[in-house]
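Residue numbering begins at 1 within each chain, and the chains themselves are lettered A, B and C in the order written.
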Amino acid sequence: MLKIGYPHLGDYHIPIRRLLQDLFPTAEIVSPPPFTQKTVELGGRHSPDFVCAPFKYNMGNYIEMLEAGANVLLQTGLGCRYGYYGEVQEQILRDLGYDFTFLCFSREKAHPQKIYETCKKLNPNLTFSIFSRAVLQAITRIYFMDQLDYFLREQIGFAKNTNCFTKTKKLFLKELTAENSMFGLYRIFHKYRARYHAIETQMPQNPLRVGIVGELYTLMEPYSNHFLEKRLAEGGIVVSRKMSASFLLFGKRDRRSLHSSRGYLQYTVGANGIDSVVGSRQYAKDGYDGLIHMKSFGCTPELNAQPALDQISRDYDIPILHLSFDTQTGEVGLETRIEAFMDMIEMKRKQQHENYNQSRRGYRLHLHKRRVH
Amino acid sequence: MASAYIWTQGDPIGAVKRLLNILRRQAPDAEIGSIGTTGSARKLIGAMLHADVVKNEITAHAVGTLSRHADVRTIIEIGGQDSKIILIEDGIVKDYAMNTLCAAGTGAFLSSQAKRLEIPIEAMGDMAMQSQSPAKIAARCTVFAESDMIHKAQAGYSKMDLVAGLCRAVAANYLNNVGKGKQIVSPIVFQGGVSKNKGVLAAFQEELGEKIHVDADSHLMGALGAAILSQKKTTHRKPFDFSMLQMEYVTRAHICSGCTNNCEIVQFYRGDTLLDSWGKRCEGSVG
Amino acid sequence: MKDRMETIRSFSCLENFERGDINCTKLAILHLVMHMKIGLPKALLYYRYGVLWETFFHELGFDVEVSADTSKETLEIGTKTTLDENCLPLKIFMGHVKSLIGQCDRILVPRFSRTSKTEEYCVRFWGLPDVVQNTFPNAPIISYNLDIGLHRSEAAAFIKIGHTLGKSKSAAFQAYRAGCRAQQRLEQQNMRVQSTQLHKSDKKILIAAQPYLIHDAYVGGQLQKMIAQQGVTPVFSDRCNRRLCRALSKEISNDLYWSLNKEMIGAIELCKNQVDGIILLTAFPCGSDALVNELVLRRVQNVPIIQILMDEHTAPAGLETRIESFVDILAKRRPYA
């Protein structure tokens, strides 16, 4: 019997699990156990030293799933090093003595036709209509999730009852996974959007806002960034992050991004480097209070973008915090730096406000206009 | 003002107990109006003492220094375990950096080298100032600097030259790591435990070509900042009970099996009462 | 350099221009263009395209200045201007660029991305012009973009560079052809030398690495010297037949898409029966090497391999010990040599 396993990526494991269930109704889907320190240690021990952190996290997931009885593993692959993960991971796992089938949809193999053919081999009953329907639904689910998550990240720090958002989100994900029709998905999305909006929040008139950019895995997997977004939200900050799985699916337009980077970059710099720069510039222009740039240690595309980000930070006078995460990132130093960053943007805001009041005492109306977002 | 500067020696709770006893002896009649904690163990000690303010050391240092030197632009801080640079513009923190990778060029490095050379750490500064031709010691990393120093010692350099070389290595290391890419603008204030070392101060002045201020209480700036912040925040509090110093404080770590998240929870007890716990990642998580 | 600036100034002084003496200004610009000095940082892909670049600019009538060999100082300057996390070759490259600023009128910083539909360079090369430009905002950079995935050829990229320097298409194309020929001649000669070395019976070690590590004076240069001191002939992975290497690389890794790494592992496959040992030279923290070398170490058997990691702290003493002990192991394997 097929036992299919796949690595973790934030909350996306929920729609992915549903997708696999649709594609392989007879197979058992082995969800990866949640991340623990042990997962990370396992992954780190069996990975090359300076490979980027996502590789190590994936390895940890794979080993734990194989231990749980999985015999088919999934991997994808795109730009930069990610496209080459699969082959190396498969070799390492085989050398560890596991027996399994490794399905790697990387680069050229990520073509829908090829994916279909590979899936067909595992499940002979699969037809193209079932396949396309399942994929389309999965993409829709991911899109709706990201839409609501964007709203959630901005609001969650200000909820009167902190658990309210989390509980609603849990229900939302549950209904979304259970639903079978496209129209039903659409209905659920609207229902929960209304519910999210109905949750009481105490947002001040002009809250501190921070834009988050960086490498996708670190952004999307909260365990790998030490729950940074949660920490910021707890500090009463509006967290804005545009990069998500649906950004990758629908929003990535390199040509247009190059144009809108306005000379900060002349060329694409690999993976999501260009998107970090465009995003940062947009946040800076929109008057955000700070930027946080996250990546895994040694991430080349983001390192390519970093000088441009520093240039933006100087040009627009917006503080930027660069964070590099590895499997051994120290909790204490990270906490200090984040707290200091939050203090810093708060003090900066206070000072700006005072200066503004002093210089433009007569233009109160103007100030009020500025506050409306 | 009552003050004291002691090493934690791996036991922050015991150190705080000792510290409070010292302070009490210095000012027996003083009443404690507010408490602020800062540094790496700020949460733990904050819970232990019911602090009004628990603040990260970067902000605390900036606030403390600004209270003494209102026009400061750059703060160089080298403490026992870490070092940082804080850039200030118009009285607010504009940028900062911390050493994140290794302990090279911190107080711990200097004290371990002092032990190796068998000289008291307090005497290092004066010894360094007497040197005529400081030894060139690789300023990259503790391990390299150490092997380099042994090599130089065997090549016949005097202790004074070695110490002076070490002080320069600390300054150069700081500027290459923590201070990399930062615009160091004067007025510059140098603080933290290592600022008491005249040799390092001289090395910084030479490297930067600027005058560097060292406050008489330069080692206490973080504490001062935390105190100022706590003063602003204080509410009516119960008078501080010194008898709590006699009590037993313990931390216990365990893995929560409440849900599948398996959070690693650290609980902090006084006797049998739970004071605080950390590490819970379940409720209210975003995204 | 200084003299030239002065002549230009005397030609194009403001008075002349204000008098409407267009000819004088034209002459000045002509002078500037004719005697423009192009700087080539001696790092990264210089070790692969250096002769092509030099010949190309010479043919177009420009002066060319190549930066000096990598020294400790170059690396220190590079380390100061880049983040710690960046790879060693980039730090070296930045050091070279810095040394050329102010010495040249233009500095060549090309961008390499896709070399064919399925192959590409490490993303480090994708962002090179942007990294340099954002780190040194005043650096006079010229750049060409090699991106064959977008139906553009190398020739087109060179014609474009010629165009930005005010040269005609045909002149640029001719210069490019001449450059290619010169580069090919050199490579073929190198290959000939290496193949005779491979057929000799003395002890040989293959240094498998990116070309800019092997031939860099500070990184690979040290290593080459140490190997030679042990009485072993070093052979290089970038001096093998590239087309053959690319085809052979499939034996070790099927999914690999980095051109340089493909050639490197192909060379391992090609030479592994002709050499006594292989040194995988890599720099901290090279992303592509981290993955590829892991696979090589796991998949290539029957020949002793060690991986040597270089970073800015690597001390010669430690390196020497490792090379010596490796050579000792080889001696035990082949007692007759």
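The definition used in the following text is that a residue touches a chain if its C-beta (ideal position, glycine included) is under 8 Å from a C-beta of that chain, and two chains touch if they have at least 3 such contacts.
Just so you know, these numbers come straight off a predicted model, no measurement behind them.
*Asks:* Select the category (line, ring, star, complete, other) that matches the graph of chains linked by touching.
*Replies:* complete
*Asks:* Measuring from the mean of all protein Cα atoms shown, which chain centre lies nearest?
*Replies:* Central by C-alpha mean position: chain A.
*Asks:* Counting only Cα atoms for the centres, state how far subunit A is from subunit C in Å.
*Replies:* 36
*Asks:* If you average the Cα atoms of subunit B and of subunit C to get two centres, how far apart are those centres in Å?
*Replies:* Their C-alpha centroids are separated by 45 Å.
*Asks:* If you look at subunit A, which of its residues touch at least two other chains?
*Replies:* 310
*Asks:* Can you list the subunit B residues in contact with two or more other chains?
*Replies:* 181
*Asks:* Any chance you could list the residues of subunit C touching two or more other chains?
*Replies:* 83 - these are the residues of subunit C that touch more than one other chain.
*Asks:* Provide the residue numbers of subunit B that touch subunit A in the complex, in ascending order.
*Replies:* Contacts found on subunit B: 40, 55-59, 82, 90-96, 98, 100, 181, 255, 260-262, 264, 281, 283-287.
*Asks:* Please give the residue numbers of subunit A that touch subunit C in the complex, ascending.
*Replies:* Against subunit C, subunit A makes touches at 48-52, 55, 79-81, 83-88, 91-92, 95, 104, 106-108, 264-271, 273, 297-298, 300-301, 303-308, 310-311, 324.
*Asks:* In the complex formed with subunit B, which residues of subunit C make contact?
*Replies:* Interface residues on subunit C, with respect to subunit B: 79-80, 83-84, 312-313, 315.
*Asks:* Subunit A touches which residues of subunit C in the complex?
*Replies:* Residue positions touching the partner: 83, 85-87, 111, 113, 118, 122-124, 126-131, 133-135, 137, 143, 145, 253-258, 284-288, 290-295, 298-299.
*Asks:* Name, in rising order, each residue of subunit A that touches subunit B in their complex.
*Replies:* Touching subunit B from subunit A are residues 10-11, 33-34, 36-37, 149, 152-153, 156, 162-163, 165-166, 220, 222, 227, 229-230, 233-234, 239, 241, 310, 319, 330, 332-333, 335-337, 339-340, 343-344, 347-348, 350-351.
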